[in-house]
């Protein structure tokens, strides 16, 4: 077993420097790599390009990096719920590349799986298709989208083992599996890190080969964005 | 819950007719849909095109359909270990389209996921690339491969529930998940069929939306092709 | 004239037994409340869940189990969780039977605009472009006119497009319309709404064939 | 001169700590037996397993747990199973560090032929074309000459190609060769084999720089 365990969150972000492209898992605030984000704020790397479905809220998630002006560009499908984001975007400080959600996921998966590009119908005939090749297959139009190229992927899983194997929980899975192995270095943080051999090999969502570093996060706030309940 | 359960293997193959294209899961004899294959032999549909990584052995797996001359064409990556196959191929009775294994898997996945085509480096510069488009991305050459189009996919899982959710075991997983939802109708056979709600939603390999029919196989032989052991 | 719940109720009648359904944010989310109880339907949410149930009881919320609107949800027996790539495999691969979306504008030929207003803060398309580009059965839930009374059922969309030629049916506060090669065919009137009112509120070509029944949403 | 186990032993020295390795059928499979015990290596098999262990003890075979050669296997702690699409994502995505394959022919520029002999029954390429098209570190295990003594280390392959310009290193019964832009560079001689013998057995351009050491495979 090749041991991927690191012993501190400092090691998790080691190597991240200014101008890098980072992938960050999560959908809204669900399944985001909370500990890595907090450490990226401490690290202070600037001019980052962040690939993440959303951009957090003002005081949590990627909003923390935005507050510190560490992000130059966001590549996301939806960026609401964040006033500081809006301010930076409207002032031109922040560049935003909006990408259809399924395309975003597949651009990650293409990078993971060694596909340089793929054809998708999403965005054909819209602004998203501007400057992109389009092509007909079986009477339907598709646009050519390229695989992402990223330096680091920071993902969050529920359980993991020292071999880097990951298991996700609920909808906190979202973009996290697609980003594993989609960047030069993948760093996984987990709520519970166990020795190799404790996870059922049948039930691993992401094999350790896609993960270079794994650590147990010190604390998870797991903030809820839209707490919605029904009456008993 | 939308109930996908059928009550007999006859229902499993209902609708299969001459000249159809079928996908069949399995790697060698591991994880093949034994019960569906046996019933396809009984059904007697002819001139079938079968997409399957291998072609079984003389007296098991797809070899049973070959014996009955039901297969017109095989699309596979490796077709050894089958004398009848060899005879039919050399005599010209059987058409064989050899496809690199990773390309075979991705042609299934593309059909499942709504991608019309994809670029892969596998086979560039070889016979496999003949008649196919090639293209450079980032200094490397790729060929364009198309998604499969199939009428039925027959897959085999370990456990399943009435909603059509599937869990595979060991390397019997192989091509089975990629074929689910990759044909017009997907038929899953399982060793153990349980009511919906008994499987952990986190641990489902293939969600039921990709499966139209599910049944519990009456019997599994699970033949071993290369029994290999070490001394105690 | 229908309110939002009325639109949702009417759309719920389009949901058939055995359908996998994706509901957009807003009015579409309400549709789940009105689906007949004697049919089996499964709701998919593109953030990675199939088999969504009702909202949780207070105190039972799980931060790890949300829908695409980021609301806490529950799941029903037979549910499954999956990653974003597989979720859009379901959508792009046409495994979802019905998609219900809100819209700012729909055009005669079925184009939809629902993601961007030039000059305003753009939040993004989320999964809408994937949904409209792939789904074969899209129903739009929307108001027939904007707050100033101008039609949103147009000859041609004025806002940036989300997808081309994809809408099949529209349910508004005033009417049910089918998108046909000839234009918007009026199928039903909302209770108390006249054909004339609908005509006046529709900029796109409105096709009226025979008597137009009042819709039943009981 | 090396036998098959000798070739496997020499290749095992190329397997480094922390490597994920894919072993082809034949001599490559034997490499696993000779990897140093003080390093950590994980073996991937393209049919869907990472972390392969030794063959099972008799009576402990599981028909559902095999390798790409269809042999019954076991797994080690930390192992995982996955589907064929994800397996080739590992391969195509360059997550596998080292690929060891057999070959019928290799050419000066690193082309490999190992899947088809015209006129003979063709069994197929299996995963070989994906492996050679993607892997950045490919070592070929092969006999230097065929049964009639003709070289298999060629200027140009005569058999149908499996992949272009992909082989980095070759270990044969006679020698270790690096594939360089100038041709086959002789790195080591097999025990008791002279440079002259290697020269005679090599049709492709052989580069000999300085003293060529005898290989150590103890």
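To keep things simple, chains are lettered A, B, C and D as they appear, and every chain counts its residues starting from 1.
One rule holds for everything that comes next: contacts are C-beta pairs under 8 Å (C-beta built on N, C-alpha and C of every residue); 3 or more make two chains touch, one makes a residue touch a chain.
On a predicted model such as this, the values are computed, not experimentally measured, just so you know.
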Maximum centroid distance from chain C, chain identifier (CA atoms): D
Selected pair, greater C-beta contact count between B-D and A-D: B-D
Separation of mean Cα positions, chain D and chain A [Å, integer]: 36
Rounded Å distance, chain A centre to chain B centre (Cα mean): 33
Centre distance in Å when chain A and chain C are each reduced to the mean of their C-alpha atoms: 29
Overlap residues in chain A, where contacts from two or more other chains coincide: 109, 114-115, 120-121, 168-170, 201-202
Contacts with 2+ other chains: residues of chain D: 49, 81-82, 85, 88, 91-92, 134
Chain contact graph, described as a line, ring, star, complete graph or other shape: other
Those chain pairs that satisfy the touch definition: A-B, A-C, A-D, B-C, B-D
Interface residues, chain B side, partner chain C - complex: 1-3, 109, 111-115, 161-163, 165, 181, 195-197, 201-202, 204, 207-210
Residues of chain D touching chain B in the complex: 45-49, 54-58, 60-73, 81-85, 87-88, 91-92, 111, 116, 121-130, 133-134, 160-164
Chain D - residues contacting chain A, complex: 18-20, 40-42, 44, 49-51, 75-82, 85-86, 88-96, 134
Chain C-touching residues of chain A, taken from the complex the two chains share: 27-31, 53, 76-80, 86, 89-90, 98, 100-106, 108-109, 120-128, 158, 168-178, 205, 222-232
Chain A contact footprint on chain B (complex, rising order): 114-121, 137-138, 140, 142, 146, 167-170, 201-203
